[in-house]
Structure formats: C-alpha cells, structure tokens
C-alpha cells in the first residue's frame, strides 16, 4: 500500500478546454464572442433596415409610377414643416400618448399594489394569469370589439342608457380604447417594481410615525417610479405608432396612419415623417434610462 | 485601457462597415427612374404578351397549368370566393391562393413585390401598374371568353394603352348613395344631403383620395361654370373647389369606411349613427341580409356618380403564367362571371352571364345591358398631369390627390 | 402587513374594477361569436352556433394557425439563443458600451411597429430580393425574432443579476471548462427565466400583425387571416370564434408557465419589458 496520495492527472488539453482557457484569460474576448451573434443581428438586420428606410426620407417619388427616385433632397422635410396638418397630427398623437400613459399608470397602480403586497401567493398567481390572458386575445378582434362597444347601439351606450348619457365621443372613446389595450403592459412592470420593495422599508416608515398615505407618497411611490417609467415606455410608444385604432374608432389621423397611408405611393414622405416617432422615442428612452427604468424592466 | 478602446473601435468599425456595405449594395442596385408617361407603349407584338413559361396555345397552357398547380392573386375581398374558385381548381388543377388588397395603393404595392401572378385592379391602379411594367399585355386569343364581353367594357382608357389591352374586365359597379329610409325623405335622389349639411354628423364616407372625384362630380352639377368634364382631370381651380367642398364636409362625417370595415358600415347604418353616405352594392346586399334588414335605400343620384370596373391583369414575371391565363379566361366565362356578379353585387362583364344568374332579373337590376345608364358613371381612373384635352399638362396628379386627402382629414 | 384595513378594502375594489375593465370586452367578443348578424350592435338580436361549424370547416383558418405556430416557434428559438448570449455577456462582464447594448436590444420594441415593418420590408425588397430571397416564413420569423430578443434578454439579465457569479467562478476553479460551467451551473439556474421569456416571446409573435403585414408577402399568419376576414364580412363572425378559441386555448400554457417559473417576477418582468412588440 502506497502512502503517496493518488493525484488526478490534469485534464486533457482538448481544443474545447484550450478555448475555455483562452477566454478565461481574455474576458473581453468572451463577451465579444457572446455578443457577436445578437449584436450582429440587431445591427445588420434592424439598424441596417432602419438606415435603409431613413435614407428614403431624402429621396422622392416619381409621381406616376410611384417608384422611389434617388434624388437626394430635403423636399420631404420642407413639406412636413410647411403643411400644418403634419404638425397637428404629430401634436395630437403625442398628446394622446401622454394622456393614455397617465390613465394607464393610475389604473394599473391599485391592482399592481394589491398583487404585489396584499394578495396571498395563490391569488397572486391567479391574478398574473388573469392579466396575461388578454394578451392572447387578438389585437384586431379587440379593436373591432371596442369599435362596436363605442358605437351608437354598442355595449357602452347600452350600459349608460339608464343614466341618460350617450356613448363617449370620438376622442374620449379612443383614449379609453388605448388605455384598455396597453394596460397589461403597465401593470406588469409596476407589479414587479412594487414586489421588489422590501417590507422593512415600509415598516420603518411606519415606525417613524408616517401613516399609510404618507408612507405611500414618500416611500412607495418614489421607489416604484422607475417601474412606472418602464411601463410608460410601452404605453407611450404603442400609442405613438398605432394606425389601426385612430382611424377605426375616432376618424382621426395619427402619426401611424399618415405613415401607413403614404407607405406605398409616398415612401419617402412616410420615411421622413417616421423620423418624428424615432426622435421622440429615442429622447424618451434616454430620459427613461436616466430615471432608472431600464433596471426596472 | 487602450486595449478595451481598441476592441471597442473594432466593433464600431464593423458596424460602420456593415452600414456602408448596405448603402453600397442598395445604391448599386438599378435606379428606378421610369419616365412614366401615361401614353407610352408600343404596339403589341407576340413577344410583348409572351411571359416566360407561358404556353403558346391553349392546349399547352392547360397542360402546363396542371404542372404549375397554383395561382397567386391580389384581389378585392370576395373576388375569388370558394363558390367559383373551387370549380376552377377542379377544372384546371390550379389552386387559388389570394391576398386581399385593402385599397388600390395597397394593390400597386403588393404587385411591386413580384410575389403574385395577377391582380384585380381598379382604374386608379391599372395605369400605374402598366407604367411600372409590373403587368404584361394580354393576348386575347388565349382568352376566348373575351369575345363575349360587353363592348362598353372593352378598350377603356384605364386598361388600354395605345391600343394594347392589359387585362380582362371583372364586372362594373357604381358608387351608390345610400340613406336610411326613415331618416331622409323618400324621394331623395341627389347627392345634396351628403354635401349640404342637412345630415351633419351622420355621414358615412369612403376613406380614399379617389373620393375627391365624387366631390368633382357634385360640382359638375352645382358649379357648372368650373367647367369640369372629367372628374379625374382637374386643373388647379377645379381641384381647389373640390378640396374646399370636402373640407366643409369633413366635420359632418360620422364614420369613414374602407375595404376592412364593410361590416362597420352595416352596423352604423343599423344603429342610425350614420344616416346617409356612399356605398357599394356589396354592403347594400349585406344590409339586406341582416335579421332584421337595415331599412335603407340605395340608388345612383341624378348628378351621376363615380364607379369602378376592375381589370384582371397578369404580372409580367408571373411564376404561374399558365394558371393565370386560365383564370383570366375563367373569370369572364359566363358561369363564373354570373356568380361573381351576384356575389359582389355588380353588373357582369360577359354578356352571356345574364342568362345564368340565379336571380333572373340580376342584369336588369344592375343595368348590365343598359349602356346609357353608365354614361354618367365615371369609372375610377388614375389622375395624371396630362389633362387629355387642350389644357395640356396642368392637371393634378395622384400625388397631389393624396396630399390633399391627408390635409382634408386633418 | 403595512397597509391599513381601509386601504386593503379599497385596493380590492380597485383590483376588481380593473379586472372588470379588462375582461368585459373579452366577454363581449365571446358573445359576438354567437351573433348571427355581421353587424355588431348590442344587445345581440339573434344567437346561433353556426359560426363554430363554419370556422371548423374553413381550411384557411387551420393553415393560418399552423403558420402562426411555426413562425412563433422559429422566432422564439432564435430570440432565446440571441437573448441568452446577449444576457450572458451583459450580466457577467463589464465593458465599454454595456449600457448601449440594453438600449439597442430594446429599440425594436420601443420603436413603433410600423417603422420596424417598413424598414424590414425595405430591406427585403431592396437587398434580399435581388439576391433571390423573397417573402417566406423566414422573413416573418426574422421580423418577429428581432423584437422578441428583448423579452428573453430582460428576463435572463434579471435572473443572472440575482444569481451570484461566484458559483460560476467556483465551477471554473474546480476545473470545469466554459461549456461545462454553462451546462451544469449557469443554465439550470436560468431555465425558468428562459422559459418565461420564451413563452412571452411566443405570445408576442403569435398575435403580431403590424410588422407581419410588411414581412409576410403572400403568407397568412392567424392575425393576417383575421385582417383579411374583416374585409369579407359575410363570414366575419368566425373571426370572433377563432379569437375566443385562442383566448381559451392560451389559458393552460400561461398557467403552466406560471407554475413552472414559480416566480411571478420573472413572468412579470418579461411581460412588462416585452409587450410593446404588439404594435
């Protein structure tokens, strides 16, 4: 019997292990190789396509055949600035996006809070499923259902009849519809954000003498704010680009509808107008990141 | 950390390279500046109508079609319903695959992708398709049923260029005035309620720039000194008048409708949200089929109206040209054309179809043989700068119509 | 519990009202599936079940459903791989431009769908078509995968941040190569997060219509099929039937996902981050 302990031979230097060792010594190399595929995809497929589209903004259409002619000029932008209608449409869209975001935030908070802090785990699970299920209901079918509900003989009119009020007007109806559609996208991040607040903080606030409203205002709300901003990215951007609901529900032109209408015979103009939501959302994302929304997603 | 900077620079460089490569790739692609003059075109030679893969005789076409097995069509909703598409497949072995176009613009767009064999294009799309060379002329020797088409539908300006025909007509129909029997006087026979504000807040209007022509039609009667003769050839003064009229109308509109919201128009007339507007026989049939039926009357007003006659065209680079030619011939055959006309609610294009409609009076109801009735129906056409008369090239093109429509909608 | 009883009652009421708000339109859709008329007035005048039979016999529904499922699987698979790779890089290493990665990944979902759709169509028409690649299920999958990446990515990053990297270092210390560490240490911890992200990516792709309109060519996914049928009002109510079917059919997978992940935050985070792609 030998008293020399058995030594494991070192692992064989297979190519795989050599690669692992290399990456271990060059962490950036590992990160880069991991990122190559996803970033490559996003840059080439997505950004590349965006650049292609935006290049068209500087071109023009041959009036009869609607072909895109590669004459670099700024005519499209001039037209967007000169004709009032485009400015009106842009302002209308952005205003609605803001109002919808506020409505969704207000509507989402109670249910998110309940799910996060009050409900029992079993109830919470059920509620999460309940919130997610409508996402599977087709967008189009919901759109036409809301259109029907807001009509003269629609569901909402029927509900309000005993109170003597008629169905809501076009813009109000549209605002309600948008609020409805994007609500789950606000509830879930807020729910996640509220869940993360440790109970101890709220208890401490109570111990320091704050009643529940003050605790809510001074502690809960600021801590949940990044989550609200995260949710608002979606409510805002979805409203900004929608082109089906404004025409269907309210006969109004939004940025999305103008782009959609111009997409075939007037692609350069559509591309130029598309800069508006791109710029708005980029600014929004930058601000949102500052406010911590990306960590709350 | 210069090493990190260097690596970062490499990634940035790669991204820039990709963008530049893309730019180069697309810039080196063929430039599409077609000088699309509406009148351009040469006389048909056998070569013009010859599409790659097309058989030279009917027999060979039928054989090759069986091998092709499929035809891809861009259509207005309902133009290839099972009730006549299925017999076609059984007869020819070509499966009918369709894509609905929501509007003429949509159809021009779709045909531009090159993924389809044919299209049922309205007059506001046909000339554009021809100018873009997305469609080929039709050899009518290979579509024998064309001989029976009503003369009033042959050689129309929107599908025949320099004597060269580019398609076969599907049928024809008018844009009708529709109104609630109980909300408007029984004898209403004019477009006036749609324009004069008497039904403000209750209008149902077609959402498309081509509707400007309807304003022009009304102006032909109410402002004759504008001198409008063709509602698609409007010079600046006439165009401005039409646009002003439309801007006055806009606040009175309750709901727009288009190719995806036929059912919505039925609903709004049923509930009384809209009491008067424009429609197609398609919707009036739907309204009549409701339980209970929607109480409306529809008619062609005394000022005349716009209308449409769609042309089936074949793509220049059709992947299944033989099946497409068989479809072209089939859709204007008396049996199919009769079914088509009754389904959609329009006048058939084949004179022999009248004997085959289920409703013996169909052709009478839809004025299929009454050419005089169609005199004041102005088929959808593509507005171009060429006024076609001694005014010269001062008319507004479709581009301007689109811009104006966006402005009108506000 | 920190909240006062009154607060809790108010919260329950608020929750109830919000749930009612969310579900009433779905209930309306369900009722309309039995509506004989194509007009959508309320209350429904005559009921029928014939649309269920019509929908059942319609081949195009089945084809569309199949295509939607295939596209969703494809898009989810790609999104899983790419999202996983990106999340591993971002959560475990710090390097220049890390912040930008999050920005880039979220962009396809934060920008309106019509812009993404137009851009992709421009690429397909101008770059891919000349090369002979035209519209097919692959163009649909590429479009969907692009905005689904963020769903998986966010979920995965959140999970990786919660799970200490020290376990992986320990694994390496014990002699495991990169792949072994990933397979035996990292991946098992991320499994449920990936599942949650994958399920949401699947849902997003399945119901997506805007980008799909631009990238599908002649193909019909289920939402495109619905759009087509709105223009064929004679059989319009079958769209409601199909929608009802999808809603009901989805409850089970969502429920299973919930139980498997057992971490509502995983699902919540993913959904919250992800949903935008609808439009």
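Letters A, B and C mark the chains in the order given here, with residues in each chain numbered from 1 onward.
Following the convention adopted for this analysis, a contact is a pair of C-beta atoms (placed from the backbone, for glycine too) under 8 Å apart; a residue touches a chain by one contact, two chains touch by 3 or more.
Remember, predicted model here, so these are calculated numbers, not experimental data.
Taken as a graph of touching chains, this assembly is fully connected, with contact between every pair of chains.
Sorting all chain pairs by how many C-beta pairs they have in contact places A-C at the top. Chain centres here are means of the Cα atoms, and by that rule the chain farthest away from subunit A is B.
Centre to centre, using the average C-alpha position, subunit A and subunit C are separated by 13 Å. Subunit B and subunit C have CA centres that are 36 Å apart. The set of subunit A residues touching two or more other chains comprises 28, 32, 39, 43, 47-48, 52, 144, 147-148, 151, 153-154, 263. Residue positions 40-41, 95, 126-127, 227, 230 of subunit C each touch two or more of the other chains. Touching of two or more other chains is recorded for residues 4, 7, 11, 22, 26, 112, 261, 267, 270-271 of subunit B. Chain contact summary for the complex, subunit A toward subunit C: residues 11, 16-17, 19-20, 23-24, 27-28, 30-32, 34-35, 37-39, 41-43, 45-50, 52-53, 56, 107-108, 110-111, 113-115, 117-118, 124-125, 127-142, 144-149, 151, 153-155, 157-158, 180, 182-185, 187-192, 195-196, 199, 202-203, 206, 211-212, 215, 227, 230-231, 233-234, 237-238, 240-243, 255-256, 259-260, 263, 267, 270-271, 274, 277-278, 281, 284-285, 289, 294, 297.
By the touch criterion stated above, subunit B contacts subunit C in their complex at residues 4-5, 7-8, 11, 22, 25-26, 29, 72, 77-78, 97, 99-100, 102, 112-116, 259-263, 266-267, 270-271, 286, 290-292, 294. Listing the residues of subunit A that touch subunit B in their complex gives 28, 32, 39, 43-44, 47-48, 51-52, 55, 61-70, 79, 83, 85, 88, 144, 147-148, 151-154, 247-248, 251, 253, 258, 261-266.
Only residues 1-4, 7-8, 10-12, 14-15, 18-19, 21-26, 28-29, 32, 40-43, 81-83, 85-86, 88-89, 92-93, 95, 99, 101-116, 118-120, 122-123, 126-127, 142, 145-146, 149, 153-154, 158, 172, 175, 177-179, 203, 206-207, 209-210, 222-223, 226-227, 230, 239-240, 242-243, 246-247, 250-251, 254-255, 258-259, 264-265, 267-269, 271-273, 275-276, 278-279 of subunit C touch subunit A when the two sit together in their complex.
Across the complex, subunit C meets subunit B through its residues 36-41, 45-46, 95-97, 125-127, 129-130, 134-135, 217-218, 227-228, 230-234, 236.
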